[in-house]
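Some structures to go through are shown next.
You will see two complexes here that share chain A, one where it goes with chain B and one where it goes with chain C.
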Partner chain A sequence: MTGLRYVYAVCRPFGAALQSQLTGVAGAPPKLLSHHGLIAVLSEVPERDFAEGPLKAHLEDLDWLTDTARAHQGVIDALTAVTTPLPLRLGTVFRDDSGVRVMMETREEAFGRTLDRLEGRVEWGVKVYLDTEAAETARPPEKAASGRDYLRQRRMRNRSHEDMWEKAETFARRLHETLSGRAEDFRLHAPQNPTLSGFAGRNVLNAAYLVPRGKSEEFVEAVDRTKDDVPGLRVELTGPWAAYSFTGEMGETQRAEGPEEENA
Partner chain B sequence: MTFPPGRAPEPYGQGGSANLADILERVLDKGLVIAGDIRINLLDIELLTIKLRLIVASVDKAKEMGIDWWETDPMLSSKARREELNRENAELRARLAAIEEGRPESEALLEGRGRTRAEPSLEQGERRRRREELEEQMEQQEQEEET
Partner chain C sequence: MTVVERREIALVDLLDRLLAGGVVITGDLTLRIADVDLVRIDLNALISSVNEQVPAPWGELE
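Our next item is the complex of A and B:
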């Protein structure tokens, strides 16, 4: 039985074994393919799901996408426990091992540079939520006695909204300053939709920080310290992730100055 | 330089309980892009990225999925804000009309709901004062709407 090769990540050789029960995106266990001092972590996937046509169709299917994304992340997570992987985007598929080798050879230098830069670092995700509902219900609207009262109340509501936003922005900016001072690099991501994330409140900061493992504890403590600073604001920490947000060759500062600012 | 396993700090909010948006965001939208043999060509990946942005960060796709919470939120939707202002203006007009007709304004407001309630009618001078006040407020509001 031959299948296609789904590649999860590239990394340097590592001594430790992966979890024995680990399965990849199509249920097969991930394997290591060694080439010129680099390792590609891949698993066999069936053509019926991962050939061009079916893969395209699957990518439109949110359930399939969810399962595949979780399996992909599972493998990356297992790798992160034993080494520093360079995670590839979901759906990187080759015909056979030799296709993977060719790709590794072509990109050898760039892989080396990026792996050096990321070595021993992990990514921490920090999000700040503005709990709009709690702030609203804390002060129930009084019944307007007249048109004037009504307008006054409305103006006060708007003002308190603005105050809340301002508070949230100030808080997020300060938090980001503190955390970026403790990180080697950062990325500011688009805020998440609360319906999908399943968290109440509006996402006002969605950032990723690249932090050496050895300094992660301090970083986590710094986040924890801010947690209850401002009522109505919630800080959420996720990680340690593989350095997904830092796989590009450019750092944040270079990127910000670059002419091709990302906009989608 | 390698790090021994187990050095990583305890995971926060990851693993089985990890937020789907977080995982999708990273696995689909971040991570290194390499063209494999199986070409989801770059255009498709871009489209996927855009779709993900829409899923994760809202708008059209979410609408297709029946997620439309922002449409009725005046903080996010200018349409909702306009509608809110229109509704308020209509209410104010009803009050104003009531004052001009010498009816209690609560009656005018309740009219639409099919109920009336008696309330002592206002003195002539007081009525005029309140009418002017309301007119002023409506003007303000209309200006606000324009900006």
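Our next item is the complex of A and C:
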């Protein structure tokens, strides 16, 4: 059998065992490969699906991608319960264990730095949606009596759209200021495409925050407190995630961003 | 306004992280697919393929 190695994450050695029922992306249980004081979490995957060509083809297949992403996340979640994993990008595949070992040796220092920086931290995702439809239906259109009425109504509609946008942006900016003050680091992701997200609203903020576990409750409460006022705006919280958005360019861009707080 | 905490993670949130986040490893011994540009292109194809209004890009591009 010539299985390839699909690597989920690199971690420091951890005492706890992974759930016994846990399965990886191709159904095989994840294994731990220990090398140079680090652990690579990997599972065997068949070459027919995970060699470069088939993998590229599969990435275009939404059903396949969905199953693979969920299985990948399942392993990362299980790891997050027992340690602070450094997650790798989906679809990181090596020919064999020795390929994985070489990779670990080559990146030993950078892995160590990043693992130190992320130790005990989790990622929270916060998105703000402007529900344009709800804002619209809240104001039923009057019947235009004349062309001039029609133009006037249209102007008012445009103006109220602009107002909504302005309110949404102000709200998102304030929320982001509040939350980034409670986080060690943040990333602003591109707004999500409504087709993929399945939400009718416009995504005005799509941010990720790096928060120490011990401060997560406060962080979640801070998000919760934004529940009031502004109609037509929806705040969505996801997490805690492994620190996917904060793995950096192997330590380079991260270090350029200023002093790191130690949370010992 | 409500804060929504859903048990089932939306695919789009998952892909935001799994395809745009995580350590990107490139090297001789890797079957290198974890390339951001590649993934972006694939995602565009994907968006088209899930949206019936938009013809699939491999269909009839001039």
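The rule is short, and it goes like this: the second predicted complex is superposed on the first by the 246 of 264 C-alpha atoms of A that agree within 3 Å, B and C clash if a C-alpha of one lies under 4 Å from a C-alpha of the other, contacts with A are read in each partner's own complex, and residues count from 1 in each chain.
Criterion: contacts are C-beta pairs under 8 Å (C-beta built on N, C-alpha and C of every residue); 3 or more make two chains touch, one makes a residue touch a chain.
The structure presented is a predicted model; accordingly, all values stated were derived computationally and were not measured.
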{"item": "Side-by-side fit of chain B and chain C on chain A, or clash", "value": "clash"}
{"item": "Contacts of A:154 with chain B and chain C, given as first, second, both or neither", "value": "first"}
{"item": "Touching partner for A:70 - first (chain B), second (chain C), both, neither", "value": "both"}
{"item": "Touched partner set for A:233, first chain B, second chain C, both or neither", "value": "second"}
{"item": "If touched residues of chain A are counted for chain B and for chain C, the larger one", "value": "B"}
{"item": "Which superposed partner A:80 touches (first chain B, second chain C, both, neither)", "value": "first"}
{"item": "Contacts of A:217 with chain B and chain C, given as first, second, both or neither", "value": "first"}
{"item": "Partner chain(s) touched by A:120 [first = chain B, second = chain C, both, neither]", "value": "first"}
{"item": "Footprint overlap on chain A, where chain B in one structure and chain C in the other make contact", "value": "4, 7, 10, 50-52, 55-56, 59, 62, 65-66, 69-70, 72-73, 86-95, 99, 103, 107, 114, 125, 189, 192-193, 195-198, 208, 236-238, 241, 244-245, 247"}
{"item": "Sites on chain C touched by chain A in the complex", "value": "1-6, 9-25, 27, 29-34, 38-39, 42, 45-47, 49-51"}
{"item": "Contact footprint of chain C on chain A as seen in their complex", "value": "4, 7, 10, 50-52, 55-56, 59-60, 62, 65-66, 69-70, 72-73, 86-95, 99, 102-103, 106-107, 114, 123, 125, 189, 192-193, 195-198, 206, 208, 223-224, 226-231, 233-238, 241, 244-247, 250"}
{"item": "Interface residues, chain A side, partner chain B - complex", "value": "4, 7, 10, 12, 14-16, 50-52, 55-56, 59, 62, 65-66, 69-70, 72-73, 76-77, 80-84, 86-95, 99, 103, 107, 114, 119-120, 122, 125, 146-148, 150-151, 154, 161, 189-199, 208, 213-214, 216-217, 220, 236-241, 244-245, 247-248, 264"}
{"item": "Residues of chain B defined as touching chain A within the complex", "value": "1-3, 5-9, 11-15, 18-28, 30-34, 36-40, 44-46, 48-50, 53, 55-58, 62, 67, 69, 75, 88, 91-92, 95, 105, 130, 133-134, 137, 141"}
